[in-house]
Amino acid sequence: MSAVPVRAGWLPRLWRDPRHVSLAVTVALFVAMSVAGGVLYDGFLSPQVFLNLLIDNAFLLIVAVGMTFVILTGGIDLSVGAVVAFSTVLLASLVQHHGWHPLAAIALVLALGTAFGAAMGVMIQRYRLPPFVVTLAGMFLARGAATLVSVESIGIDHAFHVALANLRIPLGGGASLSFGALVALLVVAGGAVLAGMTRFGRAVYAIGGSEQSAALMGLPVAATLVRVYALSGFCSALAGVVYTFYMLSGYSLHGNGLELDAIAAVVIGGTLLAGGSGYMLGTLVGVLVLGLIQTLIVFDGSLSSWWTRIAIGALLLVFCVLQRLLLRTSQRRQAG
Amino acid sequence: MSAVVLEATGLRKRFGATVALDGAGLSLRAGEIHALMGQNGAGKSTLIKLLTGVEAPDAGTITLDGRTIAPATPLDAQREGISTVYQEVNLCPNLSVAENLFAGRYPRGRLGLVDWRQVRAGARALLRELHLDIDVDRPLSGYPVAVQQMVAIARALGVSARVLVLDEPTSSLDEGEVRELFAVMRRLRERGMAILFVTHFLDQVYAVSDRITVLRNGGLVGEFLPAQLPHAALVTAMVGREVGMAAGRDPGGAGAGEGAVLVEARGLARRGSLRPVDLQLRAGEVLALGGLLGSGRTELARLLFGLDRADQGRLSIDDAPVDLRHPAEAVAHGLALCPEERKTEGIVAGLSVRENIVLALQARLGWRRALATSRQRELAQRFVALLGIKAGDIEAAAGTLSGGNQQKVVLARWLATAPRLLILDEPTRGIDIAAKQEIMGEVVRLAREGMAVLFISAEIEELTRLGDRIAVMRDRHLAGELPGGSSGAQVLALIAGEAGTGVEGRA
Amino acid sequence: MSADGATRRVLRWSLAHPLFWPLLALGLLLLGNGLFNPGFLALQWRDGHLYGNLVDIANRAAPLVLVSLGMTLVIAVRGLDISVGAVLAIAATVAAWTIARTQAAGAEGLLPLFAAIAAALAAAAACGLWNGLLVVKLGLQPIIATLVLMVAGRGIAQLLSDGQILTIYYEPFAFLGNGFLFGLPFSLFMVALVFVGLKLLLERSALGLFVRAIGHNPVAAHVAGVRARAITWAAYVFCGFSAGLAGLLVSSNVASADANNAGQLLELDAILAVSLGGTALAGGRFSLAGSLVGALIIQALTTTIYAIGVPPQVNLVVKALLVLVVLLLQSPAFRAQLRARARLAGHGGGA
Amino acid sequence: KGDGGAAAGDGAITVGFSQVGAESEWRTANTRSVKEALAAPEFNLKFSDAQQKQENQIKALRSFIAQGVDVIAFSPVVESGWETVLREAKAAGIPVVLTDRAVAVSDESLYATFIGSDFVEEGRKAARWLIEDSEGQAGPVRVVELQGTVGSAPANDRMKGFKEILGQDPRFTIVRSQSGDFTRAKGKEVMEAFLKAEGPGGIDVLFAHNDDMAIGAIQAIEAAGLKPGEDIRIVSIDGVRGAFEAMKAGKLNATIECNPLLGPQLADLVRDVHAGRPVPRRVEVEEGVFTREQAAAELPRRKY
């Protein structure tokens, strides 16, 4: 009765799912872009260049994982960049000015980030306020709180922190990965499991598909929504911690505009802003694509400031349009 | 007589100015199938929402096994052992079929993670009970409403609950599927489950139910045994007055079959969804189109209306070839399509009843020529009266109307454009028996005034009663055509594709 | 008795009116300022025009109001435009550049003014056209589609200005952002013209109905024969156009075009204004007047912060808290909770 | 060493330069000066714009290291946070030259030299000029301050230096201080609010952290019916062309130069560092204080 030919084997089955196709297209474009970079610039295709994508974007990746959950519910979290900044400043200030051990400071920062996210979640869920606006206010609040802690950039020189920051995991061939990048990869893996294999994760997808239906199906909508924002708050705080490993400093202007990068990464990774559809792996690729665009531009090294902007926009455009067109043709072919 | 499981008395519910329920109630016994009947807007769905914690009653009590309960959320009700299929398909379109079946009660394996293998296997098993063989990994949104409805039912069946509530589960199913469903319901009844069941098909009520509760205008009319309540009496109980079962077609009505060809399709086809079709639609004639679910009727309607583009064949209107690229162009040619999927393609829930009704007419007039508000009101009021739409106010949001009334609003939208060709894709779905008579009467009247009608329906009875010609689709192409006045058995034979053997008609 | 009933009815009507809470928030904000600083609400007649904080708020809010009106339409059709800040910068730069060019070419009188206005608005509308193309034709998600221009737009503007702040040495142009007409800032007339024009267009024609239908259910609107894609596209064009008008005001006001900084973070303020005004960010329900009030609230907030003289590092915290209060005030769920609390407290007191 | 980047011009010194962004005219002039000085054939410049973000600068430095440039030069967005990446540069044997401002690192050997201005000193200069200009004046003198972007290094430092000196003279009080985000529009808007809050005659002096905000504020002062430069004295920092125009018109009293044209000096340093010659730890660029009296003469000579 079904018009769909049921073929055996996992590969065709993977291909049949439009969501997988979107991921495959994204990955393919990433590879194509890397190859183009390799052709254009010497030394581009070295392993360390690609590991640097992870190292330099570890915090973005962590934030994007939290953002993916939020966007999957159909919401948005604009506060992430500010929470990152607040976390770095508070951490640096506690360690440098108040003599805290970094671990204690990290624990406090993570707890605060989570609580902050949960508070926004409650406002969104209980009072039915639009996430965009609530988290925008959250962004002002966190950024403001950061400047209240310190307007100056605070360098961290605690031995423990410095040791973690300088830790490199050698991968052979002279290539290595930083501690922060490792944390980020773990977060992605954790996020993927949480999203794909737990009741919480599936409730997130269900809410994104239809909040009303999710409630009628008896899913714990309210608790899930609050938890999603708490999770995003936690991820932002963790990204802040990783940021301090990256920079060894806390600063109220860190992570400016990070929210847009995170949203862009998530969306480029194939997650629908309307909610309900997307993959953690896609987010990983999305972050790498943004990083790759940056890297291409740095490698070029001949662009003026404005051409840099135009080039970033153009690369973004080319990527998204190709992704879209490839997807469309593949869907056509499926329908046929 | 078995024990009362669920009992509700004196339920009251107001939404703003409209009183949806006033003193309604019912009592549900273990091991029975209980039909809840009433006109559109009588309060059936609202009653169910109160029982299952979607809405809180303003007054009244609900008891389960003699114990008063007050479920605050659907989750509470589920925990109490009440499993529900709501009227509008309430599943998540983005999730796979398997997930929709198990959301909220995933089997968990190691580390407390969802055991997908078991989910898939369980999903297939559940659907097998309903004889539905589909790919459970595909997103639900890829399937037509009928399949979605079946999935929703399967989900409710999967919960081994004490009480099963089904709000119009059969409105978008065809005969075969209804049969499967009834078989399962009977089996569950044997196991002692209490089943509450809403439908507008009287035949179905008499076919399965053990007891009938009738609501009218939010109030309780009474509880009846089917045997003691003949058809006519049931309708009278629901409507509150006697209703004549108006005949549809007046055979040999003036003009039938002789009108000019308005729309003609030649070899119209679309890869993957429709094989080449030849079709003529004449002014003043009702062409009834039958077929099983998935036979391609909706696809044909969409192609005729420019919602999808054909990749083969020609379409001509008034003998002039046309290439419809947008519904607006079809509307400009005087075509109208009342779509099958009310929730996604029909009703604009956020707009008022008035705005919903004038939408297509206004679209045809173009944005520059706005209808005066007074004219809009007048139009809306006329159709509210004509179709008996039960709405508190024509300015109320269409989304607050009962399901059947929303369907009527969408129908009104297209009648308001006074089209030359009206395509109706399952227009009477979810509409109560009295209103159905009126709507069919209206369609015939319009046809007699010169309109061409393409009437798509899953009900043989409607096809035979309305069609001046009856076309049948099978496997995505036109399987054949019968003259008006053919018998139900003939139509059924054509639908099934065999020479009329062993196919039973709807009771 | 009947008078009492009448007031109660008026009260109930106004409580139910969607503009009530935004207006109340604006009123409270201004009133609070007045109490804190008695001179705040004062208006003087100086040099043949009105002078005072209220005039400043209205004048400063004008660009934001314009952009918010465009944003309202885009959001109403389920879109989003985060490129408005960049478009504003482009329009401002194009205007400044055009003036310099036409002057260099020897144009005199009002010619450079009209050339600048035409060029800036055309450029801005072209930006909107581009956004619409990506969203409607290519089907990109609005946020990503407009992100492209958001990132690249300022680059384009800087390309035109060679990274410099273009100073405008041309008196007539200053009138747009600084001039007075009948004692009121000229920008207010511009806003009024756009607002009334748009309102008439949406309410006198069927566009308003179509926009709402598209926002609530684009598929159903399409099936009903509404030209959903064309209208969505038009909304983006209008949004670009309104950002262009705002760009003219901003560049005229400071007699220069700063490609890097003009309209920085404008997209967030505009979306905030739209949301404060009661427009649903999910599309469908929208209110132009609400967006106007929302923009005024935001500007009043900013001016309040300047007027009460908090140290700059506290700015954001104060702004955040005020925004939260305004938001909560508008949430029916929150008000219900407050009422329940109050009732409980009332009972407690009585017992 | 492979010197992949140097392949472009044989023998040329490959320099990776990471600029903060293009947020102001000052910065654009700075960029232009650097690009002109580090031009081919002697140099092979890899220029990267960080769009005002420290993380982008760090990314750029990393990729310079990966490309194996000969010398890295950059204008740090802020003082701290460079430790890790500078260590990597050192490990790769690439010398680093800081421009525009210094960084705070525990190990001084992480960079070779620093060339640039001292924001704190600029703030001090502004205060000194003000005190000098107010000689013989009785107090109290009411000063308002237009700060740069909250938290940005120039804003922090200029405020610090200004307060440090002004605090020693009891005649002066800073009555209001607010951020104008370094832009003309915000400078004008904030000044409008200041004027209304303090009333006519309530403000004697305006100190703006950059010229652009001062230019905006001048418009606000004029709109309030006062004479900028007379009723309210104005001192600002940077010394861009617009400031000289304003001074020439008598509307701005003084500007503290912050010289962006450090390209030639940078080129010298890069040559020395690359050749392994010893260089001074710190090279100051030449900067002056300009007043209205000098404006007319100086204006034609301004390059930015």
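Labels for the chains are A, B, C and D, by order of writing; each one numbers its residues from 1.
Methods note: a residue touches a chain if its C-beta (ideal position, glycine included) is under 8 Å from a C-beta of that chain, and two chains touch if they have at least 3 such contacts.
Everything numeric in this text was worked out from a predicted model, so none of it was measured.
The minimum number of touch steps separating chain B from chain D is 2.
Farthest chain from chain D (centres taken as the mean of C-alpha atoms): B. For the pair chain C and chain D, the distance between mean C-alpha positions equals 34 Å.
Chain A and chain B have centres, each the mean of its CA atoms, that are 43 Å apart.
Taken residue by residue, chain D touches two or more other chains at 21-22, 28, 31, 150-151, whereas all remaining positions touch fewer. Residues of chain C in contact with at least two other chains: 158, 163, 313, 315-316. Pairs of chains meeting the touch criterion: A-B, A-C, A-D, B-C, C-D. Contacts from chain D toward chain A in the complex involve residues 2, 4-5, 7, 16, 19, 21-22, 28, 31, 45-49, 51-56, 58-60, 62-64, 66-68, 78-84, 87, 104-106, 149-153, 155-156.
Taken in their complex, chain C has these residues touching chain D: 37, 39-40, 46-47, 51-53, 56, 60, 158, 162-165, 167, 178, 250, 253-256, 258, 260-262, 264, 302-303, 306-307, 309, 311-313, 315-316. Across the complex, chain C meets chain B through its residues 204-207, 209-210, 212-213, 215-217, 219-227, 231, 284-285.
Looking at the complex, you find that chain A touches chain D at residues 42-43, 46, 48-49, 52, 55-56, 59, 147, 151-157, 162, 165-166, 243, 246-249, 251-257, 291, 294-295, 297-299, 301-306, 308-309. By the touch criterion given at the top, residues 307, 326-328, 330-332, 337, 339, 344-351, 355, 358-360, 362-371, 413 of chain B touch chain C in their complex.
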